[in-house]
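Shared between the two complexes below is chain A, which has chain B as its partner in the first and chain C in the second.
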Partner chain A sequence: MAALPARLLKVALIVSILGGLYLLAVKKHAEREALRQAAVELTPACKAKLQDYALRPGEQYRSPYLLKTAGSSIELRGYSEEDVRAIQRGCNIFDDLQGHLAKSGPRERWHADRFVRGTQTTCVHCHQGVGDKQDAAGNRLVGSNSMGTSWVMADMYDRFTGLLLPHDWRQMQCYINSSNGFKPNSADDLLRDVTAYSRFLAAALDLKIGNRYPEPGMDEIPASATLRRGDDYVRGAHVYRQRCASCHGPQGLGTVVQGRVLYPAVAGPESFSLDSRMNFARVNTVMPGFICRNMPPGEEGSLDNQQCRDIAYYLSTLPRPAGDKQGPLVAAWQQLMMTVMPPLTRYAGSLGNNDTAHVSH
Partner chain B sequence: MGAARRTRVWKRLVSSGNPFILAAVIAGFVLWAHFGSGIQAFRSQVSSAPGWQQFRANYGLDDFGADSYFTRAAQNGYNLFYFTHEHGRRFTRKTARDAVNACAGCHTAEDLAYGFVNSDRFDARLGKRMSFEERVMRCYAGPMDGFVPTLYDPAVRDIRILARAVAHHLQLSEGARKDGG
Partner chain C sequence: MPTNAIASALPRILPVLRGNLLVGLTLAVVTLPQAIAFSTTLAGLPPHFGIYAAIWGVLFTAMLNPSRVFSGGPNTTMSAAIGVTLLPVAPPFGVDYIGYALTLILLAGLIQLLFLLIRPLGRMLDLINEPIINGLICGIGLFLIFKSLTGFAGLPINTEVEWPLWIAWQSFLAVLEIGNLYAIQIGLITLITCLVVRQIHALRNWAILIGVAAGTAYSEYLNATVGLQNTMIEQIASLSSVGFVFPSLPLFNQEAMSDIISILPGAVTLALLGLFQTVAAMRRMNRKIGGYTDSRRGIFADAVSNCLLPFLSSLPTCASFNRMWLVYSLGGNSRLTSASSALILLLMVLFLADWIAMIPMPAMAAVIMVVGANMISWEDIKPHLRDRREAVVFMASFLSVLFLDLFGAVVVGSVLAFAYSKWEQAHPSISLSGNVLKVRGNIYYGSLPVIESTYHGAIERVGSLVLDFSECYYIDQEGIRWLAAAKTEQKVAFADRRKSQNRRELERRKTGDTKRASGKRRGKPDRRQRSEF
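Now for the complex of A and B:
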């Protein structure tokens, strides 16, 4: 008879735990729904971009970009208020992934910081111009990692993964490799909102589904596009110090002022992982392409192909987080190097400075 | 060797419990399956359903390569779209005897393409933003009287890829309307 109350107690305990979890899930669901319904406060870059493209709720949508560049625009299906908010949130996520500019912090970005390890990463570091980089005349730039074009060209064969890569899976890869983090679920608002933003860009730029455009991805630079002097990380270190270190720091650890990332890390714990396509040691054409097309800001195109390859090679020699494909030993080694190398390099640098000072005296 | 004798030998092998013999038997089976069985581990070809060649020509599928990964996925999408009861058996209860037993019973390929470029929009009836994939999943569960595939299943993915291919042929932009305005 004593066993019966004990058994009842166990059942009650299990039921109350499951009930508690259910209520927690219901509460979180309601929080998400409230966030979906809330007005979106745009980041300055998103405000400018979405104003330029005249995003507002309505039955029809006509792109001002098309009107400006082609002289006429076609009437497309408009956006509901819910769609507009999703696009706005997507743009915010893109511009400020971790919610540094948001009043309620990461909450407004669907807690995207759960999926990245560092505190610096955001999408615009690689996808400049809030995923739609243009020159002063409004021309879309080749190899600028444009998000609108990546949407219309999604689902194509990806040589790195061997898959027909959907847009959301590509975003997952960004979280895993470029952000050295974890994979959100395909149905997560985080991915869906960025997809909504990408699709809006495609509509605003009148991109046609499946057409080939030169903007998405990097304009890759293979060794065959150089004078074949061979890639040299010593030469790369030299050019890096001259052209890149003033922004990204002498050791590539980025520049953060009052918690605001002015220039992202290109090495060290806040940077992309060894598995990232940006890592020259893994794919030796992507990072050079990115550098040549996008760096230094305001002076794009001032580096030649060989210099871009050399800088990328040099960056790949700096310590950075291991990716999923490396084992724990490589991860531990990288961690050790990321901890030990910065102070050692600083110390070596200070010795060099002392010598210089001594000589100048 | 007669069947009875083979059975006796097999029983003796198993009852002897010699792990080396058992490992050799398993290894032998694996080698036979790989080299001798003639069963293909990976089939790069999709079965060619009636009308595929015509569809392929009509919608310029060769733009994506005569035999590309994408085209094969689109071909599977075609099979699923026009012959759902045969190629999407896991997700529909419809049979050849049903009057409407495929997606094509209600939609045209153009509908699919326009549906794709107008997806990820708010559906006031359902009170949520609906992706193209969710619509396909609902079709399997509802009109096709079946079951919901996962988001990652080729039964969903390949229909999206077919829609992309047709949208490309029609040169559709995001949000393009079928009535043209």
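Now for the complex of A and C:
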């Protein structure tokens, strides 16, 4: 008989916990909804970009970009205020994933920092020009990872996985591999807003679903595009020290000044993982293409194909996080390497018989 | 004459038959939501896979397995293992995915046949001890709760492996922030109804069913007031495609070969998970009803069924702890129970498909949560925490499920348990009183260094020793050689203080029942009696 009240108490406890969680969920939902309705404060880069493309609520939308490049533009259905806010938030997420520039921090970025290990990563590190890199004449650059083309070319079969890859799944891969983190749920505003922004770019640039564009795939530089001397990470290390180390650091750990990422890490814990396509050891065309097309900023195209491959090869030999499917052993080993190697390398440099000494801070 | 015999036997048979049919009906009703939930939310396969497993899997095992309380059918862990193995290979619910799933099941069935054909392999299954199994069960229970969080909140099921606890935490936050509130309401109503009904003794076994009914009723109420287009609640799709049989072929072709090779470890895991559960459940439940069934019969039934099921669009089968417990507690005492439940389920699916199609997915997810919570029972855990070694094995197996995977958990748990038992054997208790060195335990290559260290220390101090091994029960060849060498040094005398009278009595008792106790040992000298040199 004494067991009965105890059981009742247990049930009451569980029911009240569940009820409490439900109330918490209602509160959290309300917070999210308020944030969805709130006006968006744009980052400087986003402000410029969206102003260029004349994004504002209205019945119809005409792209100034088209007017400038083609002389005429098509009238498209316009954006509601809700759409505009989503696009603006998407652009903000893109420019400043972890909310360093936001007043209330990561909350304004739908807590994107939850899905990223480390504190530095943001999308524009690889998708330059806020996902839409153009030269002075307004030409879209090949190999710039443009997000507009990425949207229209989503739902195609992915070259590397062979999967029919929707845009949100592709974004998840970015979170998992490139930012070495976790995937958000595909119903999360985080993915939806970035999709909205990418979709807006596609509309503004007049990109059409069904076409294949050269912009997003990084220009592939296979071994056949070189003089076939073979890739060499020693040569790569040498070029890296001359051309890259001044910004990315002697060990590729990036340059961060007062919490602001001036140049992103290309190795170490804040960098992309072993499973990323940027890892030369995994896909040996993407990283060389990215380097050749985008690096060093301002002097793009100054590195030849072989040099790009060598640098990419060298980067793949530096310690970086393990991919999430590689298991705990690889993860532990990479963690050890990331901890042990930087001081060791610094020590080796300080001995003076190594040319890292010339560039180390 | 035969009709007469039947007629005279009828009054005796009828009540038994009726009782077992009733239990069969309950079993069918309880199995149905589980079957659908396992196949859709865990294995990533269309619902008819679970249903056919609950029909044909149950029927085959009932026919092949002589145990009276055995109940096969779709299984949580096996379904989860299918999902975990195949998610990197193909997108769930797709044609390729289904083909790979069938191949995976067939491979698992063939591997299980190997366990039947190679006797020592089958015997190895008995070496998995209770702490490992309970650790696995608890870990899987927790995993099920996390795994169904997204379904509970009507969120898309994330497509990649969801093992790490950190990601489970992310899912939990997603439920709080972006979950569909209608879905959460349906799930909570199902969950709380289950919980409350379980407290009423008479309805205890109906709790899941009543919970699903309550969830469905609320979902129908929402459909009527708010509208399905606004609530966006996912319901179980129409089962109209489910017929009597649904033939299918596993995927075997040139292009698929590399993927098939990559899922081989998964097939081994699947086979082992099925057999572990079958052997362990048979052991436990047969002890409960005071019977015994050779575990090889269970392996045979499982292996053959799992080789047939992939040709019938079905999930693999193995023993189900929770349903066997149900059969036992309702008083089912014949294989008729399982067989009738399979047939009743077939009829239900054929004629009640429209009703089943209304069940909302959040209610299914809530059922999975209840099943998961049931798997974590303090009564099972408590005994393991009393002994430090068992506790370590239990925790290792439990944590490995959460941090590695099911197979990793089995390996870690088995290695630990094996290491402990070996460690135990390698440390016989050695006591020195006067010049008598008494060894209790084994004298074999592993324990010799321990014995030697004490032995040589004692020889130095005492000079001559009497080595008493009357309580040794195993001496291997190396031990015999060592003893012989010690004997030739003439510093030691051997004693076996088992009284000769006792030994004779022991011998007499042995010859009395040679048929049963030492049938295989006849003709071989017994080591226990050779211990005098």
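Assume the second predicted complex is superposed on the first by the 348 of 361 C-alpha atoms of A that agree within 3 Å, B and C clash if a C-alpha of one lies under 4 Å from a C-alpha of the other, contacts with A are read in each partner's own complex, and residues count from 1 in each chain.
What we mean here is this: a contact is a pair of C-beta atoms (placed from the backbone, for glycine too) under 8 Å apart; a residue touches a chain by one contact, two chains touch by 3 or more.
A quick note: this is a predicted structure, and the numbers were derived from the prediction, not measured.
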item	value
When chain B and chain C are modelled together on chain A, clash or fit	clash
Contacts of A:Ala203 with chain B and chain C, given as first, second, both or neither	first
Touched partner set for A:His29, first chain B, second chain C, both or neither	second
Which superposed partner A:Thr195 touches (first chain B, second chain C, both, neither)	first
First (chain B), second (chain C), both or neither touched by A:Leu13	neither
First, second, both or neither for A:Asn211, with chain B first and chain C second	first
First (chain B), second (chain C), both or neither touched by A:Leu164	both
Which of chain B and chain C A:Ala70 touches, first, second, both or neither	neither
First (chain B), second (chain C), both or neither touched by A:Ala187	both
Stretch in clash, chain C with chain B, out of 43-51, 259-267, 277-285 or 295-303	295-303
Chain B/chain C common contact set on chain A	164, 186-187
Contacting residues of chain B [partner chain A, same complex]	63-64, 68-70, 73, 113, 116-118, 120-122, 124, 129, 131, 151-152, 157, 160-161, 164-165, 167-168, 171-177, 181
Touching residues on chain A, where the partner in the complex is chain C	7-8, 11, 14-15, 18, 21-22, 24-26, 28-29, 31-32, 111, 114-115, 163-164, 169, 172, 176, 182-189, 324-325, 327-328
Residues on chain C engaged by chain A in the complex (per definition of touch)	88, 91, 150, 155-156, 158-161, 164, 166-167, 170-171, 173-179, 181, 184-185, 188, 191-192, 195-196, 199, 403-404
Sites on chain A touched by chain B in the complex	61, 74-83, 86, 151-152, 155-157, 164, 166, 186-187, 192, 195-196, 199-200, 202-203, 206-211
